[in-house]
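Here chain A shows up in two complexes: once beside chain B, once beside chain C.
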Partner chain A sequence: MTLLRRSASLIGMVAIIVFFSVMKPATFPTLGNWLNISQQVSMLLVVSVAMTVVMAMGDFDLSVGAMASLAGVVAAVMFKAGFGMVPALGTALVVGVAAGVANGMLVSLAGILPFIATLATMTVLSGAAFIVSDGRTISGADIPAAFGDFARSGIAIGQDGTRVLRIPSLTIVALAVTAALWLVMEQTSYGRRLYAIGGNAEAARLAGVRVVALRLSAFVFTGAGAAIAGLMYASRVASANPIQGDGLMLTAIAAVFLGQSLTESGQPRVLATLAGVVVLGALDNGLTQMRVDSYVRQVLVGLIILLAVGASALARRRGRAG
Partner chain B sequence: MHRLLLSTAATLTLALPAFAQDVAVITPYLAQPGTQFYVDAFSERADALGWDVNVVDTAGDVAAVISRIEDAVTQGVDAIVINVDPAQVGAGLQVAADAGIPVVGMDAGSDPLLAVNVTSDGVEMAAETANFVIDAIGGAGNVVMFTFDPFPPVQIRGAEADRIFAEHDGITVIDRITPDVSDGGIADSRAQMEAVLAANPDAGSINAVWAAWDQPALGALQAIEAAGREGEGIVITGIDANPQARDEVAKGGNFKATVAQDFAGIGAAAADAVATLLDGGSFDSDAIFVPTVLITADNAAE
Partner chain C sequence: MTLALEDVSRNYGPVQALRGVSLMLRPGEVHALMGENGAGKSTLIRLLAGLEQPNRGWVMIDGQPVVLARPEAAQAHGLRFIHQEMHVVPTLSVAENMHLHRPFPRRAGLINWRELRRRARVALDALGLDHIDPAVPMLRLGLGDRMLCRIATTLIGKDRARYIIMDEPTAALTGAESERLFAVIRDLRAQGVGVLYVSHRIAEVMALADRVTVLRDGARISSHVRGDTDQARLIHEMTGRDLSDLYPPRPAPPDTPPVLRIEGLRAGPLHDISLAVAPGEVLGLAGLAGAGRGELLRALVGAIPRKGNVTLAGTPLPPADPAAAWAAGVAYIPRERRVEGLMMLRPIVENVALPHLDRLARARLFLDRAAERRLLAQRGAEVRLKAGGPQALPVTLSGGNQQKVLFARAVGGAPRLLLLDEPTRGVDVGARHDLYRVIRALAAQGVAVILASSDLQEVIGLADRIVVLQGGRIAHLVRNEGLAEGDLLTMCYDRPAA
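This part shows the complex of A and B:
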């Protein structure tokens, strides 16, 4: 039954890719387009795999979008004040880590529900982003050219007609973060313990897992991941405004859920999340290429998430009953 | 799941007639009233020209504008129209430029990667209201200016008004105020104007208020009315013709004039610019200015 549930979701995801490939054979299933998609989803991928870490424990972090926005404006404001790349990006990352520690403390030490704790920090971080940026978009000459150029750069791998094919730098960053978190979650006892907490926190505690410390530490991943994604976003648009990363949060949670429908145990897994992100990115790209109205596109994406997660939930229930 | 998806796919296929894609209009700001006027007028003109227009709204997400420009390039559209600061979507503009697809700005700002930007002339709007003020007060008197130099599009308005007032010997600028705009600009402008009124208590000591946009003009109006000095004939002008400003101008009180940007005209002119490019034409300058309309009590209700 599990096999059926997993394969149903997998078949659905593959069907989406096949569908676009059949509808737009000349432009969708090309290497150039997939490199494109990889770049378009790079920021979402970083936030989503980081979100996977806390969701493995059954927690959430609603503050990631606001954190991404804040990281972007922190770096931009420091650029504007004349700081170089290293201190500006470093400070933004430190802010991300600090926000993660704060979230972790609220959830694990104070025992506030993650939904409420991170909703509150989301509001605080969002307000901080407005304060830091003075509510404005920081762009143009204030942003060093090298920062914006990073998102336009990549490793050349070939030629498609007149166009040079590159693996975009943002894609490389995203894959590096994904690989690192895959190692942490799948190949270390730390990761195993997080899944143990997600399975049954009380049992994990009785088995000697330091639940409080581990929960605290896990939120550092989402804080830092969100900060990295925010910097990637700022590089891509060569500017920063106090709301630009906000939309990442819900989409990231959706990607983790979508990925979850693929996994054996119904748990969030890093590679499954990667699949979820790819499907969401392919949907955006493919539906745009098919000229589907952007609002209709949004409805369709929502329905497809429901379909995948719903099918998996149904199959699981039937599996349990049978 | 499989069958469901296939039937969704089939429905999608049926729902989408096989159009040849021509022009993509990409904006993060479709929900804003001005943008809707541009896009509607653009689409109308595009329909008349027989194009297929795909309007993409990224709901405030600027990075998604880059992604959708890339998708449009992949799709091989003939032209792209954007309504967003081009400096922020340079990565996408570069992809379009590499593919040889022209991009037109619809009130977007000038950029070397844009074929042309269609917009209103901020300098012209400022000149129109500054000259209106000079005429209305008989070429001589004391003027209070509200400007905002940190924002480039407004800064050029203030600079043009500075130039025009300086050319007229009878005009004295008694104060040049930069209001705090974090609350929208009305409240602080009112407070600042109250201070100016207190400092110039005699009737006739202030003849006009020139504001670089409507909010400070509305704030100044509130201050003048609250001080009971609306009978002194102080002339107020703004720029942008927002609905509140139009209402005040229509009332025939101190707020005498504002300038309306022709949003629909910008949309139509952007379509014409695309038509020129599709015909192989090009533009000498990086901007096309669409004429603006001076709004006074005569035409405010229109």
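This part shows the complex of A and C:
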């Protein structure tokens, strides 16, 4: 049953990609397009794999979108004030880590439900982003050219007609973050303990897992991941405004859920999340190429998430009953 | 006026779960159904509950064959089921919970709360449960009282229960809660209800049942009437093995200086506990529910805060830090294995390795999965764990094998002190035998063991010395020499002479 559920989700995901490849054979299944998709989803990937860390413990972090926005405007405001790359980006990352620590303290020390705690910090961070940026988009001459150039750079790997094919720098950053978190979650005792907490927090505590400290620390990953994603976003559009990262949060949770439907016993895994992100990216890209209206696109994406997650939940329930 | 199974068989594919089983339950009778895990008890219950159909044979009610196609059909024939896990709505009151499946009394279209509580009161009183207040939220009741409420619920109204099938009802209850349940069962019998009592606890079956049927491998092995059998025979019939000696022999208690010293410990209900346990010694903890048996173990492992001095091998054990306790050589098996012990949906190899990751991992950080599997293979074999490979999930295992996973975890780090809270609850006789041997083998290797159990026979069968707790204090501390169960029970109740 597990195998069937997993392969059903997998077949569905492959079917989506095959569908677009058949409908748009000239533009969808090309290396150039996939490199493009990889850049489009790079921010989402960073936030999603970071989200996987807390979701492995059975927690959530709703503040990631607001955090990404805040990181972008913090860096931009510091650029505007004349600071260089290192202090500006460093400060943004420190803010992300600090917000992560705050979330972790609220959830693990104060014992507030993650949903409520991070909903509150989301609101706080979002408000802070407006205060810092004075509610405006910061762009143009204030942003150093090197910052915006980073997102347009990449490693050249070939030629497609007149166009140079590059692995975008943002893609490389996202894959590096993914690889690092895969290592942390799948190959270290730290990650194993987080999964143990997700499996049964009380049992983990009684078996000598320091649940409070670990839970706190895990939220640092989402804080830092969101800040990195916010900076990537700002680099890509060479500007920052106080809402530009907000949409990442729901999509990231959706990507983790989509990935979960692929895994054994339905638990969040880093590589499964990567698959979820790829599918969401391909879906968005393919529907855009087919000129599906963006509102309709949103409805379709929502329905497909429901289908995948719902089917896996149903299959699991049936598997358990039988 | 009987409920019967006639020559019932049920198979799942090639697996024959029941083979031509016949059984009769009369009103006003307690009929015990015994057998190890996999003997077919659960299948039999599912047939009666209308969750499954027999492939052959009939369920007969009042001499007529009936088809229990759905749970509602069983319900309509007056069959009710009590499981070890109670499904209640914790935030609703006792009275509301007792009316979840029937209409609430109304007055002028609104719920008549007073009448609701009165009906609940009447149902509770009918079973002598005057200590339960129908107005309090269910969450304030212990597991035992929740079960008693559920039983009382079956007697409300016109469609009252004619037959109650109880599936391992005492598996999660304390000794005192079980005693109360037995009183209620005797009450039910007196009121003409037929009780099918499914259990593998021999002592309680012998005390309670008018009739005993033993299943093994899906077949009926024997039926006895009260007083016509004994413990050794039942064990033999259930297991097919001669377990005349369920408890392994106890060598002479070691004469070594203590490894664990407890001085003036206070925690939760516990006061002024001072004890010393020697390496190789099994210390039994007895006492009524609420006496503080489990709390003492929880305080020692640091699961609840404590005051006082505790040293293990001369080193103080930090309070309120289970991680430090495990690192210092304490191993703990909690009472509720599914709630406090296992990660039910993580592979057993991860469950076993969890407290030992620092030692197993390379550079204390990078997982060494081969070492984890070796640990499981080695320790699993020692406790005779039967599971489908290291990736098997605990949720798929029997109670006995789940408990063996916890034992494999506990011994995985060569502990100095092993804390066991109700280690054989809900575990069948064969697996219990395995676990007892493991406990004794560990003691022989010099591990100090503290065993808390509501099963007095188990305490007497295993312990070198026995501490009897009363109201959080040590009431008796005796050598386990020539003690009978009755002696120990008396010690649980009496007031010690000064």
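Points to keep in mind about this one:
As a convention for this text, the second predicted complex is superposed on the first by the 322 of 322 C-alpha atoms of A that agree within 3 Å, B and C clash if a C-alpha of one lies under 4 Å from a C-alpha of the other, contacts with A are read in each partner's own complex, and residues count from 1 in each chain.
Assume a residue touches a chain if its C-beta (ideal position, glycine included) is under 8 Å from a C-beta of that chain, and two chains touch if they have at least 3 such contacts.
Please read these numbers as outputs of a predicted model, since none were measured by experiment.
When the two structures are aligned on the shared chain, A:195 is found in touch with chain C, with no touch to chain B.
Residue contacts after overlaying the shared chain place A:23 against chain B, while chain C stays out of touching range.
In the superposition on chain A, contact is made by A:8 with chain B only, not with chain C.
Of the two partners chain B and chain C, it is B that touches the larger number of chain A residues.
Of the two partner chains placed around the shared chain by superposition, chain B is the only one that A:285 touches, whereas chain C remains out of contact. Per the touch definition, chain C reaches chain A in the complex via residues 301, 303, 322-323, 325-327, 332, 334, 339-346, 350, 353-355, 357-358, 360-361, 364-367, 393, 409. Chain contact summary for the complex, chain A toward chain B: residues 8-9, 11-12, 15-16, 19, 23-24, 27, 30, 32-33, 36, 39-40, 43, 134-135, 137, 139-140, 148, 151-152, 162-163, 233, 236-239, 241, 243-244, 247, 284-285, 288-295, 300, 307-308, 311. On the side of chain A, the complex with chain C involves touching residues 186-190, 192-193, 195-196, 199-200, 202-210, 265, 267. On the side of chain B, the complex with chain A involves touching residues 1-2, 4-6, 8-9, 12-13, 16, 19, 21, 52, 54-64, 66-68, 70-72, 74-76, 85, 87-91, 94, 98-99, 182.
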